[in-house]
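Shared between the two complexes below is chain A, which pairs with chain B and chain C, respectively.
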Partner chain A sequence: MANQKEVLFGLYSDEEVLLKAIHKAKAAHLDIMDVFTPFPVHGLDEALDLKESRLHIVGFIFGLLGALTAFLGMTWIFVDDWPIIIGGKPYWSVPAFIPITFELTVLFASIGMVVVFYVIGGLGPGVTNPTLDDRITDDKFCIAFDQHGLSEKDVDKVKAFLKDSGAEEIHTKTI
Partner chain B sequence: MWWIAFAVSVTFLTIGVICIILTIWDGVTEWNLNRTIGWGWDITNFVWWIGIGHAGTLISAILLLFRQKWRTGVNRAAEAMTIFAVMCAALFPAIHVGRIWVVFFFFPYPNSRGPVWPNFNSPLLWDLFAISTYFTVSLLFWYTGLVPDFATLRDRSKGIRRKLYNLVSFGWTGSAKHWQRHESLSLVLAGLATPLVLSVHTIVSFDFATSVIPGWHTTIFPPYFVAGAIFSGFAMVQTLMVITRKVLNLKEYITLEHIESMNKVILLTGTIVGVAYLTELFISWYSGYIYEQFAFFNRALGPYWWSYFGMMLCNVVSPQLFWSKKIRRSVWWTFFMSIFVNIGMWFERFVIIATTLARDYLPSSWSYYKPTMVEIGIFLGTLGIFFTLYLIFTRVAPVVAVAEIKHILKTAGDQYVGKDATHHHSAEIAHKS
Partner chain C sequence: MNTFTFERSQRMFFGVLMGIGLLCAIILFAQNGPLHARFWSDVLHNSVFFTGIAVMALFFLGASVTAMAGWYTVFKRVWEAFSLFLLVGIILMVFLALGNYLGFHHLYHWNDAESVADDVLLKGKSHFLNRGWYLFGTIIIMGAWIYFARKIRTLSIQEDENPGPDFQQHRKIRVWAAAVLPLIGFSSAATIWLWVMSVDPHWYSTLFAWYSAASWFVAMVALTIMLMGYLQSKGYFPDFNRDHLHDLGKFLFAFSIFWTYLWFSQFMLIWYGNVGEETTYFLTRREQYPVLFYGNLVVNFVLPFLVLLRNDTKRKLGTMFFVSGIVFFGHWIDYFLMIKPGVLHTTMELSGAEGHGSHALGAGFALPGFLEIGLMLGFLGLFLYVVFWQLSKASLMPKNDPYLAESIHHHV
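Here is the complex of A and B:
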């Protein structure tokens, strides 16, 4: 593989220790590649300075698209394409269009968000992303560093940091 | 145990498939519907299954928004139940049209027949949209929650199993950014699913309420149907949970507290449904409108009095036993009561549909309806489909939301908080090291 990475990582067994370690790493200006956890850890986003997810904006856009598709679609069909009088009601019977408009808003927003979530995350059926350790999805928390471009001294520094911050195991793996 | 249950379910499923084939082959003449009573067991079962399919999303979405931590023990299985129940429900409208091979005419798509479009003013079409949306969104919500848990299973298994779980876990690694988006996605989906779940049974009730038939044409239907749906949905969750926790030995995850909380919801919604029944009776008398009065007199004391009596007994009287804490916390009582409620809610739908249609404006067309063996067979078949799918689910996927349980363990787990705490917060551990 072209872009193989040599990853140095430490495994922790508690999320509070992990959070402290991340703060320490930041203080020491170490460049964390990624953090892997078995469940969403509170405060991890702030600790890693992750930008707020914009997924809800995607949801809003798709929801708007759904609402417009439904409402304008029904309007076009019932007013322009094939007008029929049903029960003596006007062609453009807005109250009757509301249920379907609502349903399609929800449907579009949900499908749009879920699809975007998987696509931008590089996830999908049959995708195999390399994992560092099998226990990360069970009960271990992992801080990973990319060794590329680090001098031997830097690597030792990272190793020392991992050890000091409470990592129980330190490994390297090429992924 | 599992294999016995599976064999029984598959037997029922087979009966159902045979009866459905008979219906499709001969047409709905295989059923006892007549010109007066055009909806029978088919729509009764449809509404019943849709109602059952409400609890999953309610537990996952609404209780998530209310930050009810106990939901974590039961939400995954309840969501699965929702999906299977909606599948059973959707079967009935599809086969009751008689010509199932043109069932896609329901959907508005550009066609060479004009194009002729479906009637967007019809509640039956709203229902099609509501149910397809509900099914899709529930499925997405459920599966997105399952992905990290499938990854856990992937990493704990070997060989062919690992390959299979790898396929369904979508390459999940547990990266911080993924979790952040996952949280955001779950929250927004829950927010979307909350009005959705309320809209679905509202729209199902519009199938009746927007008609001009006395007994159906009432504004109380939407809230009363939603309450009834939650009621029957929770009852079915209880039935399955009591069995699941016993068979899979999950008593530490699905505790008596869960069962009691759900019994409280059953008590509340059962009482709401009871009030709705009485309100209906009162309003029909108070309206001074003889057709309305007759419709309700006939509903309670007419030829189908037994179904009205069954409905009242199972839905209104029996849940009142849950005022007793002892009964609320008894697994056996819970199990029997949940079955009772399910029977009662089936009766409710039958009462609304059959009694109303059997006695319309014109006495010369009054009629009586009994199901044929084929109709009963299809109903048993959907029970078979439902339990077969649920049993397969318990075998291949985690029935308890693993990652979510880990997430709340330290703030809600007995090991960490409360007087029996054995684990201490790891700040001390870190300090020592």
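Here is the complex of A and C:
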């Protein structure tokens, strides 16, 4: 396949060692492709200079959409389409609309965020993601380098780095 | 800098604030409106507000210790100092309770024997709402709070010197911290009924205690944020980092929403039920205090909600300081709105004053005037004076707290 990658990666068994290794790699100007960990590691986002996720903006927009849908929907139903007097209250009873507005805000925001997360992440039914090593979902931490465009000398340099920084295993795999 | 010095300039500044407060109090008293109602209701308003901040600090300290939280430990001395304001708070509240007992003021309709005699509702409530219980209930409950506040503080300072084997000292603190939770949980409701809700003695709401305690809590967090900003600018608390600020911001955000939730729950049930003796509370406030009534929601909900919704605003000291200032003042207004309409009503009934527009009663009741603000600054000066004085009496960092290392390396 065209976009297959040849990946050189090292496996670590401790997140502290991993974090130190990442800082070392940055100092040596090595281009890390990705890092895989079985659980969120404190300080990893900063170490990799990852940008803040923009997913919460999606959440805000969908939440706003939900609030408007609920509020305008109820306004249309209870004022225009099918006005009924309930408990002697006016047709347009804002306090009574608030709980449902809240519910739809939460519903839209949460479902919207999940769907957008799946779409952006390229996840969907039938999608399989190749893993470098099954143990990175269990107890191993992995730093991966893309070998594409690296000369043999560079590859040796990366291998030497992985070894020096405490990687327990070094492998290559095409995914 | 592990020890705090209460500088001369700070003493002077708080002294000036207290001077302004005292001056305003004297002017308020000398104005001699009907029954001195403006003076007494302002004193009640501020005493309750600042006492509540101290109680909530103690409560939150107890909750955090019990939950084995570690993030707040670097600045836990600030909350200990907050909680010791209760020593002054009891003087203020006993002053009010004695005034009530001896009939110097007429803030409470249930304290008027004639009114109670031909009022079946007030008669029914008189087992709880009477001058004796107001005085002794205040003393007993606040005495218990002070006992716990001092105990936790003393144990915490002893821990600096001698943590004991196997975190022995901290285990002792845990016992007291856990015990203070049900104590404050139940007794704060009783004091709020006595001090605040009973200014509208015919009206009651089972949610009221929660709602006003949430108001105290948000004010406490807001004051903590502002104070930490100031102390850091003076070079204290170098270990208080952006992550601690972020967590305080989350508490400010979450509890602003919690406050709104309770406010709305109380409002909606009363609006929906539409029972005359319940709706009167909101009707008075919506018709006669429209600016404060809706402004309350804007300042205490819409503003903190929209500003603190984003991640990065909670990590900026400037933004946090600004929002905290507004929210702190907003919850002071919230208490104004809880107390003033009821007192106004009672004063008019008892003094025979005419109408809402009458000049003598309009000032200081419809909106907080300069004298109210001045008195609030005086109480704030008093509060901060006590806090700074208590901060200077112990090391700023609890040296041997088992959670100190976790707190220093706090990362969200």
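Heads up, the rule we're going with is that the second predicted complex is superposed on the first by the 172 of 175 C-alpha atoms of A that agree within 3 Å, B and C clash if a C-alpha of one lies under 4 Å from a C-alpha of the other, contacts with A are read in each partner's own complex, and residues count from 1 in each chain.
Definition applied: a contact is a pair of C-beta atoms (placed from the backbone, for glycine too) under 8 Å apart; a residue touches a chain by one contact, two chains touch by 3 or more.
Quick caveat: nothing in here was measured; it's all calculated off a predicted structure.
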Partner chain in contact with A:L55 - chain B first, chain C second, else both or neither: first
More chain A residues in contact [chain B versus chain C]: B
First, second, both or neither for A:G87, with chain B first and chain C second: both
Partner chain(s) touched by A:G126 [first = chain B, second = chain C, both, neither]: first
Which superposed partner A:A96 touches (first chain B, second chain C, both, neither): both
Partner chain(s) touched by A:P38 [first = chain B, second = chain C, both, neither]: first
A:V106 touches, of chain B and chain C: first, second, both or neither? first
Touching both chain B and chain C, residues of chain A: 56, 87, 96, 99
Of all residues in chain A, those that touch chain C in their complex: 42-43, 52, 56, 60, 87-88, 95-96, 98-99
Chain C to chain A touching residues, read off their complex: 264, 267-268, 271-272, 274, 309-312, 411
Complex interface listing, chain A residues touching chain B: 14, 16-17, 20, 34-41, 44-45, 48, 50, 53, 55-56, 59, 63, 73-74, 77-78, 81-82, 84, 86-87, 89, 93, 96-97, 99-100, 102-104, 106-107, 109-111, 113-114, 117-118, 120-131, 134-139, 166
Interfacial residue positions of chain B with respect to chain A in the complex: 108, 114-117, 119-121, 123, 125-126, 129-130, 132-133, 136-137, 140-141, 144, 147-148, 151-152, 154-156, 166-168, 170-185, 188-189, 192-193, 195-196, 199, 203, 206, 403-404, 406-407, 425-427, 429-430, 433
